[in-house]
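Presented sequentially are two complexes of chain A, the first with chain B as partner and the second with chain C.
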Partner chain A sequence: MSPAFLLRRLLLAVPTLFGVAVVVFVLLRIVPGDPIAMMVPGEATPEDIARLRESYGLDKSIPMQFVIYLDHLVRGDFGVSISLKQDVLTLVLGRLPATLELALVAITLSVTCGFTLALASTYWRGTWIESGVDAINSIALAIPEFLWAMLLILAFAVLMPLFPISGRIDPMRATAFATQFYLVESLVRGQFGLARELLGHLALPALALALPLIAVIARVLKSSLQEVMVQDYILLARIKGFSNLRILTREALPNALLPTITLTGVHFIFLVGGTVLVELIFAYPGIGNMLFGAASNRDLPLIQGVTLVFALLFILLNIAIELSYALVNPRLRH
Partner chain B sequence: MILDIENLRVSINAKGTRTPVLRGAHLQLEQGKILGLVGESGGGKTMVCKAILGVLPESARIESGAIRFEGRDLLAMPARERRGLLGRSIAMILQNPMTALNPVFRIEDQMTDVLRLHAGLDRAQARARALEMLTAVHIREPERVLRHYPHELSGGMCQRVVISIAFSCSPRLIIADEPTTALDVTVQHQILRLIRELQRKTGTSVLFITHDLGVVAKICDSVSVIYAGRILESGPVERIFSSQHHPYTQALLDAAPRYDRPDTALHPVSPELREQLAREAEEFDRRVDREVAHA
Partner chain C sequence: MPFDRPNAKRRDILRATASALVLPGLQFLPRDAWAQAGDTLTIAYNVSPPSWDPNTGPSSVSPGLSSIFRSIYDPYVVQKEDLSLAPGVCDQFAWNADKSAITMRVRKGVTWHDGRALTPADVAWNLNRLATLPAPLQSIFASIKNIKTAGDSVSFEVTPWRANMLERLTFLGCYLIPPHYYEKVGKEGFEKAPMGSGPYMIEQFERGSFLRLKAYKGYWGGAPAYDTVVFKFATDAATRIAEIERGSSDLAVDMPWEEFDRLKAKPGLSGVAHPTTDIAMIFLHNIGVMADPNVRKAAVHAIDKKLIVERIQRGYARQIDTLLAPQYKGYDASITTPYDPKLATELLAKSGFSPAKPVEFTVQTTRGYKPKDYETVQAIVEMWRRVGIKANIEVYEIAKHFELRTQHKLAPAAFYNWGNSTADPESSLGSAMFSKSPHTSWKGGEVDAALSALFIEKDEAKRMAGYKSLNKTIADNAYILPLFQFYQPVVYKASVDFKPHLAGFILPQSIGKKR
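On to the complex of A and B.
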């Protein structure tokens, strides 16, 4: 993959982000709901409201507002949150690491479990293991992540209180961190007790996000493995005298990866979107949770900021997925 | 006798119906010779070679018979021991070289893995042996070819690589399943010559599966003709070509273009003959069913 390709993809991200900014900006201003009405007490006079409206620039026309917004944006100024009275960029960057860690743990879990299930059901084809995996897949796929969140809370926090159900860490211990990447930082510093507590908090939300993706990965990988297993080169490997396990993992798996990576990438993006509801259910302090708060308060600058960050995240993910194709398929390297 | 197949009966069981694909096949391959197994598509040629290698499809069942390799029945052998023979003692050349190599690995990895598994060579030794083998199959610049991926080579080159893999562990039996069918005519000649040359040099026995009697005449010592899962006729190549005993063998000869008689018209195998052979096959199935019921 050439640097020119990378550069072109990154340049293409600019018009995409501009499009997202336009759509979100206009949508937020034409749907009913008034941020000023949400923040003023009942006894405020119309003059007070007009003054507030003016101070936030909301009295100007929508195109005018957008030009001002864009002008600030290109200078790195995302505006000030109406409800939290803080700089939007600082707020988003403060919360983003928590979401990234959650998504990362969830995707690791999905890939590990999905691959294991697909490989196991291909290896033990035609036995009860294959039927069992298929059944688990159907259930995991049929239930959306927010419902999984509720079910997991019921099972592992209420019936069997094994895991905490809210937050990221005991607030008393959160002061010990220098960055917002708590999990990464505790692992790097070798504070494994702390890491275990963080993972305990992550377990249920990550699992809720991962379960549908596990099913998707297992299903796609299994079907592409089955396609690959009837190819001539697998027959040749068998005739070379290799064991079934080696044929499956070394000869077949690398060939079956391509469709799986494509689909995992697409669904990972859904997973990041899914964090909004799951973070809310588990009171997990990520940007998803913040987005919900911003939406209920009609906090226009904050909603705009979070949406742009999500859009940027999606674009970067897509580029990463495309780059990974060349790694697994030598035919795409030129 | 390196390979002795006796009364091999295989059927495919799918959706509750049993279809015989090999009806008591007999085959004998002498040490150091090339035996041609000739027949049309669907005649059971590939089933024979899959049965020898133990890679029959899941729906296939071996009903009776023996496949003796160097005197030992492969069908009675423990699976692990049987797999131990593959690659080391028995190797195969597949029909389509473009799909026989794994697209995600370099030629080097695909040649050295089998050498490291069976010949106990380390990476450097296996690489040296791979280079030697590529030279033996007349590939120029073997160093460069080792670094290539299969999609960067032509069909003929891929088939040379596949042949060199088959010969690399000095197996005693090589099964070649239509190794020239997927190649164009000029390359076909080269590949046939190459197989014959390597076979003479190493003394390996070859079971050569083909639908082309011209190919048989060029490289085989003896030939067996198969139709509908039955071996209709076996014998040395000269005898089969000079005086056919079975009408089907004659029909096959009439259906193939002859370089020595360019003016004669080609005749497809006649429907009457096909019908007769199908009746014989059915008769055979009925007899087997009676025997089974009797037993």
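On to the complex of A and C.
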């Protein structure tokens, strides 16, 4: 993959983001819900409503609002949140690291467990282990992440109180972080006790997000491995006397990776989208939790800002996935 | 009576399944695994502060945030658990003889969290801010004029006259902030590090996750029982239930009644369900068939509110027949609209309707915005069906309700709740029935004329008599359909001494330790 290709993809992101901005702006004006009507209490007068509408620029026509929005957007101004009364970009960037850490832990869990299950079920094909893995996959896929979240709270936070129920950090801990990447920062600083505590808070939400993806990865990889395992070069490897484990991990796995990466990438994007409900249930202060609050309050600038950042994230993820193809498939490097 | 949910979404079904799986399982579990330190009170709470300016923006008018704001900021005047006024930062307060102005004496010895004295000039600065700041309730506070300080007192005129101005100074939007600090750090600096003069100071705030407060040693009202208070923000009821069940929170608010009953019966936990200043009602809009008094009266008399309270609210509500709950000023227990399906049938017959030839209209409702809102409307629709009313349920989001209401475009019937923590009829009946208000559905000259006179009536006895009379007119003519007063469920550890507040506030400074 050439730098020119990469540059082209990044440039293509601009019209994509513009399209997202247009769609989100128009949709938010079509769906029911007036942010000012949501805000005012029962004793407010029509004059109060008109004044607030004017102060938030909602008294102007929708095309005019869109022009103003775009004008601000190109200058990097995402507007001011109606409910949080702060700069949208600052708010979103402040919460994004929490979601990224959650997603990162979830994807790490998904890949590790998914690969392990796929390899185990292929290695012990035809045994009870394969049946067991298939059963686990079916259950993991059948239950959506928010239901997993509730079941995990019951099992590992209440029944066996191994992990905290909510939050990102113990409320009693007085710790000042220089960045919003708490986990990364604690690891870099060598504060492993703190990192363990942060991981404890991440464990259940990450697992709730990861479980469906674990099943997807395990299924796709297992299917790919089984296709590869009947190829002639695998037979040749057997004739040469390579061990089953070596054939599986060194010969079959690299050739079975491509479809898994494709699907993992697509599902990772769904996983990031799934953080909204999971963050809400675990009171995890990420961007998904903030989006829920913004949607409840019809905080139009904040919804627009979060959606644009999500869109940018998805574009970057897609580019990263394409880059990873090139890494695993030599033909794509040329 | 069918209470099934034919329109339930897949997500609702999954959620219900999850709750059915998870919540009953909790009763077999060991509790108190990670109990908090004795000097810390942890509250599993459902509302997180979006911003910290208590005088403007959506935060300033969110009743749910009053619990938190009252911990950090002082109001001008204290509102006790029964909603009566009591001395606070202003230890004396009164209208003048002709009720044109209010004078308040500022208590000596009150300090801001930085130790600096809270002065009458500070109070005047805050009143001026309240009167001039663009805020959701600016029209009300714009009545504050000609603010003057004299010695330890502050006085201001109330023009135009507002009967409940003193009551208003106890909560929404009316918290004091330090002028010297705000002017020094600015709007953004204040958002980052808010300061007040209340019983607690902010120690750490993790937006959307938790708020940790530390008792302010210099508080004029004395030291609270708990030195540290943690509000854990758990929007989902299942999370709050898990928090109290496990023992990692000392107190949890707002949960389904089934869970409340289960939790309070557990050893080591107590529970209280107390009435709040929030009522359920159905707005009636005099358009189409709803302009017919027989239809409206039949709709009122056909509803068995007692049954709704007992079956749907599990007894945790109180049926009402006027917009005023028993704890409000001007409440008159003699005004009733009894359940009488026979009378409802007769009224409908006068207008040519019967169960065979029903009158038809739309009733709008939210689903899940308030406890059992949709189920309540379903039950009502069934009760109406029996007398000859065919109501078609339209479910919408609360945002849609607000939008339609401000445009006066609600359906002939629309379920809603109305809070009134001032306990003054002007804040409920006045706003909900005055047609010039953006929050009313009824359009009527009779009601408007009566309210216009009551809004400027300065004789309190006459004002209350007027509201009682108007309430009777409204009930007799079925201009609105009051249903019941909501209760608030609170579950707490047996070691916690919790005192309910009629406005539904959870005030850490009022929570003690049981010996």
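Everything that follows uses one rule, which is that the second predicted complex is superposed on the first by the 330 of 334 C-alpha atoms of A that agree within 3 Å, B and C clash if a C-alpha of one lies under 4 Å from a C-alpha of the other, contacts with A are read in each partner's own complex, and residues count from 1 in each chain.
Assume contacts are C-beta pairs under 8 Å (C-beta built on N, C-alpha and C of every residue); 3 or more make two chains touch, one makes a residue touch a chain.
Please read these numbers as outputs of a predicted model, since none were measured by experiment.
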Problem - Clash or fit (per the criteria above) of chain B with chain C on chain A - result: fit
Exercise for the section: Give one of first, second, both or neither to describe whether A:Thr45 is in contact with chain B, with chain C, with both, or with none. Expected result: second
Completion exercise
Of the two partners chain B and chain C, more of chain A gets touched by chain C
Problem - chain A as apex of chain B and chain C, Cα-centre angle in degrees (nearest 10) - result: 150
Exercise for the section: Could you tell me if A:Ala4 is touching chain B, chain C, both of them or neither one (first, second, both, neither)? Expected result: neither
Practice task
Please work out whether A:Leu151 is in contact with chain B alone, chain C alone, both, or neither, and reply first, second, both or neither.
Solution key: second
Practice task
Would you sort A:Gly167 into first (chain B), second (chain C), both or neither based on which partner it touches?
Solution key: second
Handout entry: chain B versus chain C as contact partner of A:Pro285, first or second or both or neither
Key = second
Practice task
State whether A:Arg298 touches chain B only (first), chain C only (second), both chains, or neither.
Solution key: second
Exercise for the section: Look at A:Ala178 in the shared chain and tell me whether it touches chain B only, chain C only, both, or neither; answer first, second, both or neither. Expected result: neither
Fill in the blank from the handout: With chain A overlaid, the minimum CA to CA distance between chain B and chain C in angstrom is 41
Fill in the blank from the handout: chain B contacts chain A in the complex at 53, 55, 58, 83-88, 90-92, 94-96, 99-105, 113-114, 117-118, 149, 151, 162, 165
Practice task
Sort out for me which residues of chain A touch chain C in the complex.
Solution key: 32-34, 36-49, 51-52, 55, 81-86, 94-95, 144, 146-147, 150-151, 153-154, 157-159, 161, 164-169, 171-172, 174, 280-286, 289-290, 292-293, 297-298
Exercise for the section: Report the residues of chain A in contact with chain B in the complex, numbered from low to high. Expected result: 126, 231-233, 235-243, 251, 254-255, 328-331
Completion exercise
Within the complex, chain A is touched by chain C residues 14-15, 17-19, 21-22, 25-26, 29, 33-34, 36-37, 40, 42, 48, 50-51, 53, 57-59, 61, 134, 136-140, 172, 188, 191, 203-204, 206-210, 212, 228, 230, 232-236, 238-239, 242-243, 245-246, 248, 396-400, 402-403, 405-406, 418-420, 427-428, 430-432, 436-439
